[in-house]
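The structure's right below; bear with me while I get my questions together.
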Amino acid sequence: MEIYEIVTYFVLLLLLSTALRVVTTTNVIHAAVSLVFTLALTATLFLLLSAEFVALVLILVYIGAVIVLFLFGIMITRAPLGKNAELDNDKNKKAGAILAFAIFLLFSFILISGFSGEITIDQASSTQLLGEILLTRFVFPFEIVSFVLLAALIGGITLARKDDALINEDQI
Amino acid sequence: MNLLAESKLSYGDGGVFAEYAWILVVLPFISALIITFFGKKLPYKGAEIALATIGSIFFYSSALLYKHITEGIVNEFFIVVGNIGTFDIEFGWVVDGLSIMMYFVVGTVALLVFIYATNYMKGEVRYTFFFTSLTLFAGSMLVLVSSPTLIQILIGWELVGVCSYLLIGHYWETKDNSSAAMKAFITNKIADIGLMIGIIILALNTGTLRISEILYQSTHDYEDIKNVAFVAGVLLFIGAMGKSAQFPLHVWLPDAMAGPTPVSALMHAATMVTAGVYLLARMFPFYEAMAHEALDIVMLFGVITLITAGLIAVVQDDLKKVLAYSTVSQLGYMVAAIGSGAYTASLFHLWTHAFFKALLFLGAGSVIHAVHTNSMLEMGGLRKYMPRTFITFIIGTVALAGLPPFAGFFSKDEILASLNHEGETTFLVISIIGAFVTAFYMTRAVALTFLGEYRGHGHPHESDKMMTVPLMFLAVFAIGAGWVNIPGVYTGFTTWVTTRANKINEYHPESFDYTALFSGLIAGLLGIGLGYFVYQLQGSADKGDKLIKVEPIWTVLENKYYLDHFYFKYLINPTKLTIANAVDRINTNFLDRIINSFGLAASFLGQIVYNNFDQKGIDKFLNASSTSTDSFGGKVKLLQTGKTQQYLMLFLAGVVTISLLILFII
Amino acid sequence: MIVQPVLIVAAALFSLGIYGILVRRNAVMVLLSIELILNSVNINFVLFDAMLSDTMMGGQIFSIFIITIAAAEVGIGLAIVLMLFRNRQTANINEFDLMKW
Amino acid sequence: MEILSNGLGLSAVVFLPIISALLILFIPKPYESVIKGVALLSSVVTFILSILVLLEFDFSKASQLQLGSKATWIESINANYEIGIDGISLPLLVLSTFISVLAIIYSLEHLPEPKSPKGFLALILVLETGMNGTFVALDLILFFVFFEIVLLPMYFMIGIWGDKTIRSVSGLKKEIETRLYASIKFFVFTLFGSAFMLLGFLGLYYRGNKTFSIPELIEIGSTGAFTGTFATLVFAVLFLGFAVKVPMWPLHTWLPDAHTAAPTVGSVLLAAILLKLGSYGFIRIAIPILPEQAKAWAPAIAILSAIGIIYGSLACLAQTDLKRLIAFSSVGHMGFVMLGIASLTSVGINAAIIGMVAHGVITGLLFFLTGSMSHTYHTRDMGRLGGNMKLLPKTGALLGFTAMASLGLPGLAGFWGEFMALLGAYNPLQGLNIVIFRSSMVAGAIGTVLTAGYLLWMLQRVNLGEPADEWKDKELHDADNYELAAWIPLVILTVLIGIFPKLIFGATNDAVVDLIFKAFGG
């Protein structure tokens, strides 16, 4: 067992535990912070798989932007900070757990029976190649994605904007 | 195709310009749609889209005209839209001298009229719809003049008719206006019978609907078409009589003045009413080669129209009606010219007339806008209040009266010259009298409207720039449009319009025909002089009228030869009331009575059936069968909790189950 | 590196996400769980990319696209939650039962 | 797709509606929305299926019967379940499924009194089965069955949901409810015609090798097997059966009454599809099986059509009832269709088919509009209407457009049927009396003027002018979204067929040319 593999298993283990914490903790802030860890660990995993560009994008976009958004969301919706037993829907817990576990088994079965083998990681950087492909072969989807982002931007603004009537209501 | 190949040797094919000329036709329809759906929300209520459209058409047609002058374009394009039996139904567009001339006339006059109308119609009801219809009209007119097949001609022909219906009846709140619109449509529809049957005959005897092919066959002496040429020619002319308001089917045009003035200027003076002339010109090689006798009939009706309509114009007190009858009369000139075999002269008159008559109508509109009445008896002295309108109106009048160097002089002279050349002395004399009458009634109109003292109410004032500027542009055309075809000096126009796939064999004067020229000129001057003497020097309209009032001619003219009276008394009312009611009575009292006596027995039987299958009976059965469904549904509905997570859970459970089934069982 | 443990962890992440969606009451938390699911998919994509040593790098490119779409989704999702919160004064998704029969 | 080409697709198009109708019967009455949903869904699915059939249809072989199947049905008389479509029936089939969808959309919100969505929607679906079945049936008995299935729903529709005003009827002593009179008249008239038609079918069966199969009978007929008095009689009874349905003058008198009395959707379906069953019967059965007789009868049909055109238009001019006017206009328009058929040329029959489709679309829309208007105003008397453009601008604008389409404006669907029918009538099949046909053509051309006359007059009286005082304070509702959803597709279709008639001709032309060739030789 090389050091490389040890690191990998360690990362995977941490990944699991933080992800578990995201969905089980009763503190909203903890959940968000755990998600940060999950994502950071995923980025590490990507680095181990020599996909450094994706890793960086993950860190920048997710941890940099999305999580901040989440925190804002938590604040604006006045979610009770600190421990909160109300956070989970207890009625659903058992069924949800069973279902999730079933899905886990199903997926594991499919994936394991479908794929096996070992990966040898070449250490060379793939970023330049990735950039070239992204802007040649995949340039059309790339443009479409940018449109999607634009649409999301406009849609987000339209949705979240306060209507005049509501502003008045708030003032009252 | 052979004939196109022939012509391509000598002319250019117009390249991309010709290939994309369909834009001219399609664009107005698209913008009409846009105006309909979004017009009301736009800052200028849709007028801006109409203007942009017509502006682009103007520029495109100018470019085409320029290209045509420099290299001469003859080309046509076809799209097959259906096959029926052995016929191909085709639409398309033709780009040659004749159609390009028409594109340009439509584009120019329409652009100026549109600009004028943005102001003229301001504050009127249905402003947006007005521009929709006007744009639609421009498109329909272009469909008509761009047509390479007879079927497309028919389509454009009726579409302009509908636009005319919509626009004449623009103020449909009043019954008179909607009746006028209806009259225009129905009169045209009657004439269309001729056109339709004419097209059918031509199509069946040539086996094609393409105009160029039909013309090719007629100039190459095909037997089938020769046998029916006279009938077909006359039938087509009947169609043209309706649209181009030839006696005795002209009755709709004066009534059509119920529409807003820009409409009268664009449709009922410059473009739509010339469709008949255009059709005759388009089919001219056919007439020339095979239906010479039909041409004589054409000439006869043209001459009758030009004099009868001119005479009615003398007694009209409504400014727009004077112009309307004048239009009918001038159309008579064009038709007579075609009839005498003077293709170019006729189109030349169409060309100049489009500009100066549009000018006169818009001028009249400007006056009417200022004094709020159509009656010339309540006008007078407007020269002082509306100087710009006055000057442009005078230019139009002089051009119409045919004084040099204004446009009407050259075109009218050419028509007279060709009549002279054909040796039709009687017709020539009538036409010269017509020129005299024209000059007389126009002078009368000017005198009653602009000279003397103001007889109306309120304070008239000059119209807005948006209205006077188009007048000035048209005035420039009314002066200069005739200079493109001066015998012996520059005859570019002849080259334009004779540049087409089929050769035109016509007489074309090399120099002025001085007999015709001077007699026409003298007639015009006499008319102006007399008009000035009668209406200006006598001081008032009543006195002037009294001076020339010759009973019973005057009464006959005032009643428009009793034509309308005749139509209503002997054609329309009998059909609408007597015959129709008789038919209806036959239906209910005779046919139905037979049926009912049979039905009496059946009715008895039916009562029983009906009672047994009455609504209650049916429903009872239906309900009994459905109570079980009711209880089932009541249980199922409990699943609908509205809670997303439950839905999702059920969904996922389903997914898992189905996946398991697929994986392990199937 | 052996692929199977990574695949299992990805599947676990996915099902944890599902669990979160099903169990959480707070709409923001549900959105968080969705991120977990998307992330597990990303892991799979990158892993397969490395495994198949794809010359077009489809796996990595797709994961980039997924990240982008996820960002858009979060934006819209939070905007909707915000709207709902403003109208209902709560972010509890059990309260949003307009779909009820 | 295999599933479409082996006849299942067509069968589904035919039977899905009636199955849904049965399904609807089992939904309890209070669940109106479920009933409506099922009805809408099944009609939409049927429409989609018919579109799939259209896509599967091989247009390069439009003259052959396609996508059909044959199964034994009643062995003892050799009647089979034989179905299939060719270029002639395809447009009509799609039209039928299409109009049914619109009819159901309209009915979702606008049920006539007494409101009972369950029965009403079920009847529409049964009707749809009858109509679709008639267009795909290739067996005389099957054809007859579907032909008759249509009667019953229409009878109930008029009889139950029809106009309840009491009117006097010439020849009857008692006054009678309009719906009662109209429904019975409709039923008895059509049954009368079709009873004779069945006799004709039986005659063909015994002389024609004991088969009811239309393709086989066409083969037999084109060799000239049916001749003499027998053939004349058979054609006469077939003529009677189909002419009543078209309806041809003087068998048309059921039509104005039925249309006037029927609820909106009823008159739409009646005008749009039911009338076409008759003219379709001529093209599919009477002409190809009995070509010689068709030739002998053609001048008579042409004369009757010409009379119908003129007569219908004149009758329109005398009407004061809006719906009755539109109903009479159908007599005129179907006159053009029959004139095209009578010419026995490929041009004429093509014209007839496009005329049928166009009449279905346009008059369907006209009935939608007038029905909705009479519902809003509670009167159909044109003397009381007026200023509709002011009161109901959307409905008014659509009425104007549709009237223009109906008077045969070039560029809209109605034109092709009229013009091409005249074109066909000018040069009928070789050997027919040319004088009769040309005079019929001139009569038809005059009919176009009269048509324009009454439609414009109707527009002037109904749409234009100032509204009468009685409507000033009333709250009148303009077309709502359900109505627009039902109407706009028809408007679009009218324009599309108008500027691109290949939509119809592309399917029909080959089939018609082939039909004429088989029946009359080169």
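We just call them A, B, C and D in the order they show up, numbering each chain from 1.
Here is the rule we use: contacts are C-beta pairs under 8 Å (C-beta built on N, C-alpha and C of every residue); 3 or more make two chains touch, one makes a residue touch a chain.
As the structure is a prediction and not an experimental result, all values here were calculated from the model.
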Between B-C and A-C, the pair with more C-beta contacts: A-C
Chain A and chain C, separation of their C-alpha mean positions in angstrom: 6
Separation of mean Cα positions, chain C and chain B [Å, integer]: 65
Between chain D and chain A, distance of the C-alpha-averaged centres to the nearest whole Å: 61
Cα-centroid distance, chain A relative to chain B, in whole angstrom: 68
Contacts with 2+ other chains: residues of chain C: 18, 22-23, 94
Chain A, residues touching no fewer than two other chains: 89, 92, 95-96, 99, 103
Set of all touching chain pairs, with the criterion as stated earlier: A-B, A-C, B-C, B-D
Chain B-touching residues of chain C, taken from the complex the two chains share: 18, 21-23, 93-94, 96-101
Residues of chain B touching chain A in the complex: 645-646, 649, 652-653, 656, 659-660, 663
Chain C contact footprint on chain A (complex, rising order): 4-5, 8-9, 12, 15-16, 19-20, 22-23, 28, 31-32, 35, 38-39, 42, 45-46, 48-51, 53-54, 57-58, 61-62, 65-66, 69-70, 72-74, 76-79, 86-89, 92-93, 95-97, 99-101, 103-104, 107-108, 111-112, 115-119, 121, 126, 129-130, 133-134, 137-138, 141, 145, 148-149, 151-153, 155-157, 159-160, 162, 166
Residues of chain A touching chain B in the complex: 89, 92, 95-96, 99, 102-103, 106, 109-110
For the chain B and chain C complex, residues of the former touching the latter: 637, 640-645, 647-649, 652
